[in-house]
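Sharing a structure here in structure tokens format.
To keep things simple, chains are lettered A, B, C and D as they appear, and every chain counts its residues starting from 1.
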Amino acid sequence: MAVSDRSASHLGEAVGLSDEQLIEMYRLVALTRALDERMWVLNRAGRIPFVISGQGHEGAQVAITWPLRKQHDWVAPFYRSIATCLTFGMSPRDILTAQYATANDPSSGGRQMPGHYGSREHNLVSVSSPVATQLLHAIGIALAAKVRGTDQVAMTFMGEGSSNQGDVHEGLNFAAIHKLPFVFVVENNGYAISVPSAKELAVEDVASRAGGYGMPGLVVDGSDVLECYRVATEAVDRARSGGGPTLIEAKVTRLTAHSSDDQQTKYRSEEELASEKARDPLPRFRAQLVDAGILTDHVEQRLGADIKAVVDDATQYAESQPDPDPSTAMRWVYAEEWPSEAPPPWGFGTAGGHAEEH
Amino acid sequence: MAVSDRSASHLGEAVGLSDEQLIEMYRLVALTRALDERMWVLNRAGRIPFVISGQGHEGAQVAITWPLRKQHDWVAPFYRSIATCLTFGMSPRDILTAQYATANDPSSGGRQMPGHYGSREHNLVSVSSPVATQLLHAIGIALAAKVRGTDQVAMTFMGEGSSNQGDVHEGLNFAAIHKLPFVFVVENNGYAISVPSAKELAVEDVASRAGGYGMPGLVVDGSDVLECYRVATEAVDRARSGGGPTLIEAKVTRLTAHSSDDQQTKYRSEEELASEKARDPLPRFRAQLVDAGILTDHVEQRLGADIKAVVDDATQYAESQPDPDPSTAMRWVYAEEWPSEAPPPWGFGTAGGHAEEH
Amino acid sequence: MPAKTFIEAIREGMADEMRHDGSIIVLGEDVGKKGGVFLATDGLWAEFGDDRVIDTPLTESQIIGTSIGAAINGLRPVAEIQFADFIHPAFNQLVSEAARLRYRSNNGYSCPMVVRAPYGGGVHGALYHSQSVEAFFTHVPGLKVVIPSTPYDAKGLLRSSIRDDDPVLFFEHKKMYRSVRGEVPDGEYAVPLGRAAVTRAGTQLTVIGYGLMAHYALEAAERVADDGISAEVIDLRTLRPLDKESVLDSVRKTGKCLVVYEDNRFGGYGAEVAAIVAEEAFDYLDGPVTRMAGPDVPGVLQPRPRGLVHDQPGEDRRRDPD
Amino acid sequence: MPAKTFIEAIREGMADEMRHDGSIIVLGEDVGKKGGVFLATDGLWAEFGDDRVIDTPLTESQIIGTSIGAAINGLRPVAEIQFADFIHPAFNQLVSEAARLRYRSNNGYSCPMVVRAPYGGGVHGALYHSQSVEAFFTHVPGLKVVIPSTPYDAKGLLRSSIRDDDPVLFFEHKKMYRSVRGEVPDGEYAVPLGRAAVTRAGTQLTVIGYGLMAHYALEAAERVADDGISAEVIDLRTLRPLDKESVLDSVRKTGKCLVVYEDNRFGGYGAEVAAIVAEEAFDYLDGPVTRMAGPDVPGVLQPRPRGLVHDQPGEDRRRDPD
């Protein structure tokens, strides 16, 4: 079956996606993987100082982000959300300029450590380091959507370790009370750095907590991309139609160390590491699409070339962009102009620069 | 059936309590009520500045505290825990000196506002104002009990509103992971000051959250004293025998305003207030004991006289105790002597008073 | 101009702005039907309804974190923390998030929100209902901190705070809510952030205070005037950004400086003011910059006739039953 | 005496005390098998087992709150917060609970615990892995705050902190972990809390620092010595309680004072030191008490050859690939 044929395969039909969409999903998963691998190469080569990786999480991220409306809905991502950011509109150049901390890095203009993504243009909330705080921001966004009647949905992502933070409890409770258009995605990879699930929580599934707040909690195999998509579509639809929040827990695997600063062999056995490879979403999704006749050799070659070109381009681009100008480091602690309206007649343009005291 | 007869009534037998114990339980409920009513009288008379009351909660408190071993187990109470404190060893004098903030108030030596109980002698952790913090203290106590092998159980109490605080999430998770000897008691009276349950949580029962942590969650009618006792005994036994923590939610009623500073008619209807009276544990427990032939007229008269005498005594005692000496207000910010051992040879008796800088 | 209490001015400030700008919401514990435990939001729920006046659960971190998100998506939240003492559970959201969102996103995002909280002693609140918490926040780049001392300033500064495009902490001395009255114009007016007020002119000494202490400083200045001492009094009004020029101008004129704050002395906000004056007005000083502040114990000690007496509730009542 | 790195001294300090006192436990994120993200607790889990070296969930408030409870019931917890930047979620437990338990119970309860946390910049940590957070805690009555600058002091002060009967925050500059070495005796010794060290004698200027800045102050003093300036350097070591006497003695001798701290300038810890010196040594000062501190932006800016450059990770590496 030719890809240019717009008719859907059985696989696509079953989940309501066209073959083009399936291939685009696959491209995003594969692109993220390639970009992520490139980051490690650049790190090993001393070009970028730090990598925190999404390898193993990409399938779930692409599929769960997919049902959202770009530049309308909102996402509060976390440090592993590379695939989510790409799916929601950021480009590989955007991702790599964040790694290189260039002046034109859209996430932070080179102010943050690598991995702290964000884009005002794409409604991706700026990532901070303290885990789980972003959940409340997404919920506040959902509250504003409801109060303002904007028909927006807000989604947030984090690891299972982070889901134990107090903010998560307070937020889920609030979201459920107000039936906010909100989806909480837990990417459960079984570890919080070195701490295994069994020491992070006494239950198998974070999703088992959802009921206690009054929202559905769904567990999904994060290496099953189409199942992730199905579950997310349901959750986003429910959110948008006033049915309230949903918790989705995707069981994923962390194929790398926690970050480029971590040595995971200290706490994970070789056998475990080997067996986890079987849970990689990329080959599984690929096989599914090949079996369904969607991912032909031809398409795959084209995608491969395309991805390589895009990753190379992003690398070269980021390499060549200038550093932030040191003199700008003092800017934007506060507003420096009055952005929302002309200063009112009585002239309280406080934003007219409260020169910081030095 | 004479009370002096040590044989248990059917009622007592069913729950494993002697008639004497049932009467003592009843005495504690009635005593707490009388003491609490006295506090309001003293407040209205301008003798004490503030009351925060346990009326409606006493039955659950006495029954749930009862299975603990005094001066061995631990309780981290909250501001409504008057009955818990009395059941666990504090005296009416102790309670009223806290209201009057006398120098010899065992809770704080007159340093805290009324309602902030505590007693080192009785293993009652000092109450602070920020709600829910005490849960983590009780869990830390339980951790120490486990690590030290002391066979102690730690129990904590709070309202349903407070149970939404992040600390509760973090604590229950930790307690369940380590199967700590811990019991969490939620006294759900349907309000957090003026905010009704429906705006505090989207679920009927706080207890429905327990499963998400991996612990049993039990709902009990807080006006059914013996049922509270049964459930608590089970939880305490489970905790002590290594079975891990339990969440008990007692549905109680708040018979008074939130505190003497609150006007509850602004947010609760007259009908609601009237109908809530039916959930008062005191008359219900009384009727049960009368029906069972345990609470005879004779016993009741004796108890009534006794309680009146005790409450009068506590009032007069507290009235007559001296204020804290203002000069002591600067003490005990830090240790002032080396309490745990003689200063070691190298002489780092840091505790030898770091004179505070003024 | 009609005379209003401090809390009336605050309530009016919120109501006026809410009428003017539909994107403003008020949220916090008991702010709805009850109108807040001090009644600062009384009537707002009736006028603006459930969507704009939200009784939150008892969860401070959620109140602040949700406000941040709501600000990101187009609202201007005015959050109430029931007592400043209970702002601590939200410390992370305030310091790590609200304060840094603009900076960390290189001005991509902003976070226009106000956090109101009653602070201060003198109401028998003991350890947990009497704290001054401003020093924790005046230290944080990205936050603004306002403490008004008059009804006029309270309303005018609240308006400026709500319209400001950065997070503002707005602390209200609870002892002043009903005890302080003053004139408040009916029309729209604003008091700019970042400007101190010289509330009494003088030549021999500069006394710097804010909140309730601004009143005490004035009283004290009047008292020493009888002894022929001419004290200038400055009410800072905004603590961050500090109006350094007004402070330094005054001290350069008087040559002496006393900084007064209610909070614990060690590391309190007044330390920064004193340090600035000591450094930048050194050549003008003819005596040490001195500080008068709360002692270094938890909770509040109050000056009483017999000396420092612990501010706790039992006591006073027993001496003076009403 | 064997020379050890800063982090080795800390690790040894914990291990030694744990051998000596079975009531000491260590808890925190990744402190077990992994030995902490900086390896400060490496080997402790192997030696002391699951009960005494506890990998907690990712929940800072729980870490501190549980430690308080454990301290109440007979243990001496040494909690690790993975980065000082992540202590903020535990702010309420530290400030409202740990700091006040003794005072509010009228000495009925105490809370002997240590909270260790790596702080400071210079490691490309940007906004959230480079903060100095001491000023939030030095302001709090009931807390003690320690910041060592040498391996010797680190071990000796850690021992005193663990044996202290009050909560101690023990901040370790992460840039020093492996870059600073020094002699550490094998036997038991302790460095008392609350005593500063004069690390260089001088006559014309007193430079006061702590942590990494204590080293920079020494370096700077050596450098200006070539110009004939004799600077005395004081390493505070304990920030609360402050060793005021050592500070004042020195300034009264030199007549000049420079306070150096890495944290944001406005409202930082150095403001208190400067204010104290300006007030209590006024008659001895022949120049203003000056401060040198971090600029008022979130995260850390570092002095670099070309001027202030934002401390973020990409940059440096690209210039200097190793």
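The rule is simple: contacts are C-beta pairs under 8 Å (C-beta built on N, C-alpha and C of every residue); 3 or more make two chains touch, one makes a residue touch a chain.
In this text, all values refer to a predicted model and were calculated from it rather than measured experimentally.
Peer 1: Which chains make contact with chain B and with chain C at once?
Peer 2: The common neighbours are A, D.
Peer 1: By mean C-alpha coordinates, which chain is most distant from chain B?
Peer 2: A
Peer 1: Nearest whole angstrom, what separates the Cα centre of chain C from the Cα centre of chain D?
Peer 2: Taking the average C-alpha coordinate of chain C and of chain D, the gap between them is 31 Å.
Peer 1: Whole-Å distance, chain A centre to chain D centre, using C-alpha means?
Peer 2: So the centroids are 36 Å from each other.
Peer 1: Suppose each chain is reduced to the average of its Cα coordinates; what separation in Å results between chain A and chain B?
Peer 2: Measuring from centre to centre gives 46 Å for this pair.
Peer 1: Mind checking the centre-to-centre distance between chain A and chain C? Centres are C-alpha means, answer in whole Å.
Peer 2: Whole-Å distance between the two chain centres: 39.
Peer 1: If a residue has to touch 2 or more other chains to count, which residues of chain A qualify?
Peer 2: Touching at least two other chains: 110-112, 116, 128-130, 164-167, 170, 173, 177, 199-201, 333, 356-357.
Peer 1: List, in ascending order, every residue of chain D touching at least 2 other chains.
Peer 2: 56-57, 59, 61, 85, 88-89, 92, 96, 100, 103-104, 127-128, 141-142, 242, 266, 296-299
Peer 1: Sort the chain contact graph into one of these: line, ring, star, complete or other.
Peer 2: Graph shape here is complete: every pair of chains touches.
Peer 1: Per the contact definition, I'd like the list of chain C residues that touch chain A in the complex.
Peer 2: Within the complex, chain C contacts chain A at residues 23, 25, 51-52, 56-57, 59, 61-62, 64-75, 77, 89, 92-93, 96-97, 100-110, 112, 141-142, 144, 159-160, 163-166, 188-194, 241-242, 244, 276.
Peer 1: Chain B touches which residues of chain A in the complex?
Peer 2: 164-170, 173, 176-177, 179, 198-203, 208-215
Peer 1: Show which residues of chain A lie in contact with chain C when the two form their complex.
Peer 2: These residues of chain A touch chain C: 74, 76, 105-112, 116, 118-120, 125-126, 128-130, 133, 135-148, 150, 152, 154, 166-167, 170-171, 173-174, 177, 331-336, 338-340, 344, 346-351, 354-357.
Peer 1: Over in the complex, which chain D residues touch chain C? Could you list them?
Peer 2: Listed in rising order, the residues are 85, 88-89, 91-92, 95-96, 99-100, 103-104, 127-128, 135-136, 138-142, 240, 242, 264, 266-272, 274-275, 278-280, 282-283, 285, 287-291, 296-299.
Peer 1: Provide the residue numbers of chain D that touch chain A in the complex, in ascending order.
Peer 2: Against chain A, the touching part of chain D is residues 29-30, 32-35, 37, 55-59, 61, 85-86, 88-89, 124-129, 265-266, 295-299, 301, 304, 306-310, 312-318, 321-322.
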